[in-house]
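Mind looking over this structure? Questions follow.
Letters are used for the chains, namely A, B, C and D, taken in the order the chains are written, and counting of residues starts over at 1 for each.
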């Protein structure tokens, strides 16, 4: 047990459920506490769950192309709710079509995300990052 | 329970219809007599069912893309491009996500924004907002027949406008456009919605206009054992036939093992025919659609071409009536029209080369196909039992009881206890069977197939196999072997 | 006739060798002891035969491109690119046309011109002109084993330099690198040349260095009925084994009908083994190579990907040991390295997906494969008879008599009376049988297969079918049907 | 019978024989008199055959990539031999690699060819052109 709690879910009107189930399983196998909100999750549900479970990070998935619209304002909602520096991580097929990833990443960072992954990046690739989170967030608080 | 599998009476249908047409202003434009007149003028070369039938006659698997953008002019250009540069035999109009969720205000906003920016801000063509006339402009600008493809739990108004707008085929069904596409719609609710769609199509049939209907075969597109999707296809066919639909294309999403794929299409045709006949629907025509690999795709375009071409080959060797084609951009996002046309041309080449080859009658296929048929009959028999002979009532009960249970589905109304995994040859079998009503013998068959794999891999049968298999294709393999 | 199928004596070989090494200055660099030392230092991961054998063990069809340019640095970069970006399991060095014709002066000129302009002015890598050291730089710069691929009627000096240069496999044969690649070389002459090559490889075997040898399977690449190319493969294998070669990869070029293609590979393995055993060569190892479609390609790259992927699928389902991969530029010209790598990746994807699937033992394949084996034995028996037991003598006589006759070959020494055409399922059969020594029953089989097609097409069996079939693939079809 | 005689062959060290056989058959079917020199044909052989058969045109095939080198000087050889305005037509895969066809065409026209076709152009496409040749060449002479 790493003692690290992460909230996961697929944002907006997106129903792509497979990646979500796989991420859930993989995170648990790796020792994280997983709070899985499933698909079609609203921003409010993400924030609420993070407060209730005292989460160390929120992992947002978006596959269907409307991720940019759906994620807009999530950072602000977190702050309003007092989740000041909670790491926000986004992954999946975040935008419509095949776009330059650096630009997509920049747009999401500007929206207040702390880490953004390109299409198909397996969740395993951010385990290291997640494991260092408590240190990071303690440093911040 | 409100639902019953019986033909909606004119009273019920037309009073519901009044309400439906008021869901959005364009509903008022729909005039059934005018729609029949318009449909009657559509030449046979642009009628979906006709073109399909001709393909079947010539033993030629037809090819069809997915495609849709927000603006009419652009949408027409896109489809014309796929017709000329993609050599598509059949065309789609893929509907945007807002329309699928009946959020017409947001779709309107999307149209406005798209007009302003000149770029498509919607992931499909918003049929309802545009209304009848615009749809007629689209469908008549093309040489090939056009089908509406979507993923809409409540598609009643969409069906009205689509048919009046000159589309000659309509995808979806009360199960297949709910369980994989929704979280909160009850099965009963969506079966009711789709009775309406089917009844409307039935009404047109009676007026001499045949509209092709296509249940969505692949469901979640991920490791669905053929008998599960075949069972859903047969049920949706029976429900549609009850409402008077006469032309149905049943579908299946490629699993990747050639023998299993050919067998699945063979069993699908056979069992659908069997059940239609059982209930007296002898005059309902059946064709089949094979979906190229519907799960996660490789990122690399050359590898994607490999996956696309292999799907084309399996479709041709199974002699599917048509194949739905993926694009080399699949893993990345909505494709450009060039990428879409390239997927089509690769498919056309393979289909044409394999036109005269057929694996449907080889012994391995006969055996596997008999197993799939038997499994399907287990499910259908239980549904019939639960519904006391009524397939609509039985379907609602079957989902509650986990008698139908679709792997990886997002819906709350799906039990979610079933998990599939591949056997040693890559065929999709069941690892966790949940409450599926298979015979002991069939359950043993699945178990032994996975044991065979486990032995080969020197590890026990476990959930890790499921995970490994979901990841496998992205890494280039069917079977997710341990390293 | 000078030729005899017997192991060259040391006297004969070494006196001929002195002459050969003087054909070009780099010949002097070849020192057999030093070459053996160098070869002994090559790790197993870079020995062609070893890597092939491991693939066979794992039931994994390996992939190999064609590639070669004039300048060493560029050539190394090209191969490294195909290794890393193309995921090639085995590498080639394709030799330029001047070297193939032993025109080393012109090759030298080509190297100079290429150095001046910085562009490759040769269509391959001129191994002989570069000599031993440069070849060692090439072969040791790579992680995968490298084979020499060419089309050289007299490859004696080329073999010397290649093996001393660290290549671990060598393509070609006295028939397969003459008849499709030359106009004026007699069969006797090229059989003598290739006895030298094979004897040299045999000499290395005896010194503990195993070099893989590969007869060129596809011949003219155009509508070759499997038994014709299989017969040539068996003969070249026997001739090679006689000179002491121990590791042979027999080849076949895809015809396009899946059953026929799988059957051809199956029969090829079987009959080659049979004849090796018959003549006591029990210790010669056999592997197989499947060539993706070797005839005219479609111009469109997406369609070319379709053809490439279908070739990959057939290779995997036939469990060929390796597959030679085409590129999306095939119809246009020598491919860029990117196009080459793309063809490889598409192939890798399909091969990996089909790794666990195998059609070799289905009844349709067993039947067809028995027919091919029988046809092959008819040819081989007649060759043996004509040579009074000597396969070299018999081969020369067989070409003279049209007992072996290769469709569409440019050589004067080929009778050119045989014309193939496809049957109703796309399998390649014989339309004009020339002097091929098939039994009456087999001839009737071919005739009846074409009659079946004629009936379907409502036209008589005629030469127009040959023409239509040659054109067909470019138009997307296997069988050239009348319109 | 059109009464039109054409010399055909594959130039240089090129052994691609299939197209040559197909062209031969197709031209004969269409009523041309065909003089087929086969593969690996030298410039001298082309010129000699054209003189001997009083040909109306020479159709040069090149597939293997060295067409540009092999065709250089053919026009001059024709003139030296007194075949002043004989139409020269080239087709096949004339150069190495996938190149811009307009440029290839221009290079061959500059070498004195009268018509150049792109890779894979079927012979049927130049039937019309060939049939008008006698008229054209009479006009020239």
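We adopt the following convention: a residue touches a chain if its C-beta (ideal position, glycine included) is under 8 Å from a C-beta of that chain, and two chains touch if they have at least 3 such contacts.
Bear in mind that the values here come from a model prediction, so they are computed numbers and not experimental data.
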item	value
Minimum number of chain-to-chain touching steps separating subunit B from subunit D	2
Chains touching both subunit A and subunit B	none
Euclidean distance of C-alpha centroids - subunit A vs subunit C, Å	54
Distance between chain centroids, defined by C-alpha means - subunit C, subunit D (Å)	31
Subunit A and subunit D: spacing of chain centres that average the CA atoms, whole Å	67
Distance from the mean Cα position of subunit C to that of subunit B, given in whole angstrom	45
Pairs of chains in contact (touch as defined earlier), listed by label	A-B, B-C, C-D
Residue ranges of subunit D in contact with subunit C within the complex	13, 15-18, 21-22, 25-26, 38-40, 64-66, 93, 95-99, 119-120, 122
In the complex with subunit D, residue positions of subunit C that touch it	97, 101, 120, 123, 180-184, 220, 222, 295-296, 299, 329, 331-336, 339, 408-410, 463, 467, 470-471, 474
Subunit B partner contacts - residues on subunit C that touch it in the complex	256-259, 298, 300-310, 312-313, 317, 341-350, 352-357, 359, 362-364, 424-426, 473, 476-479
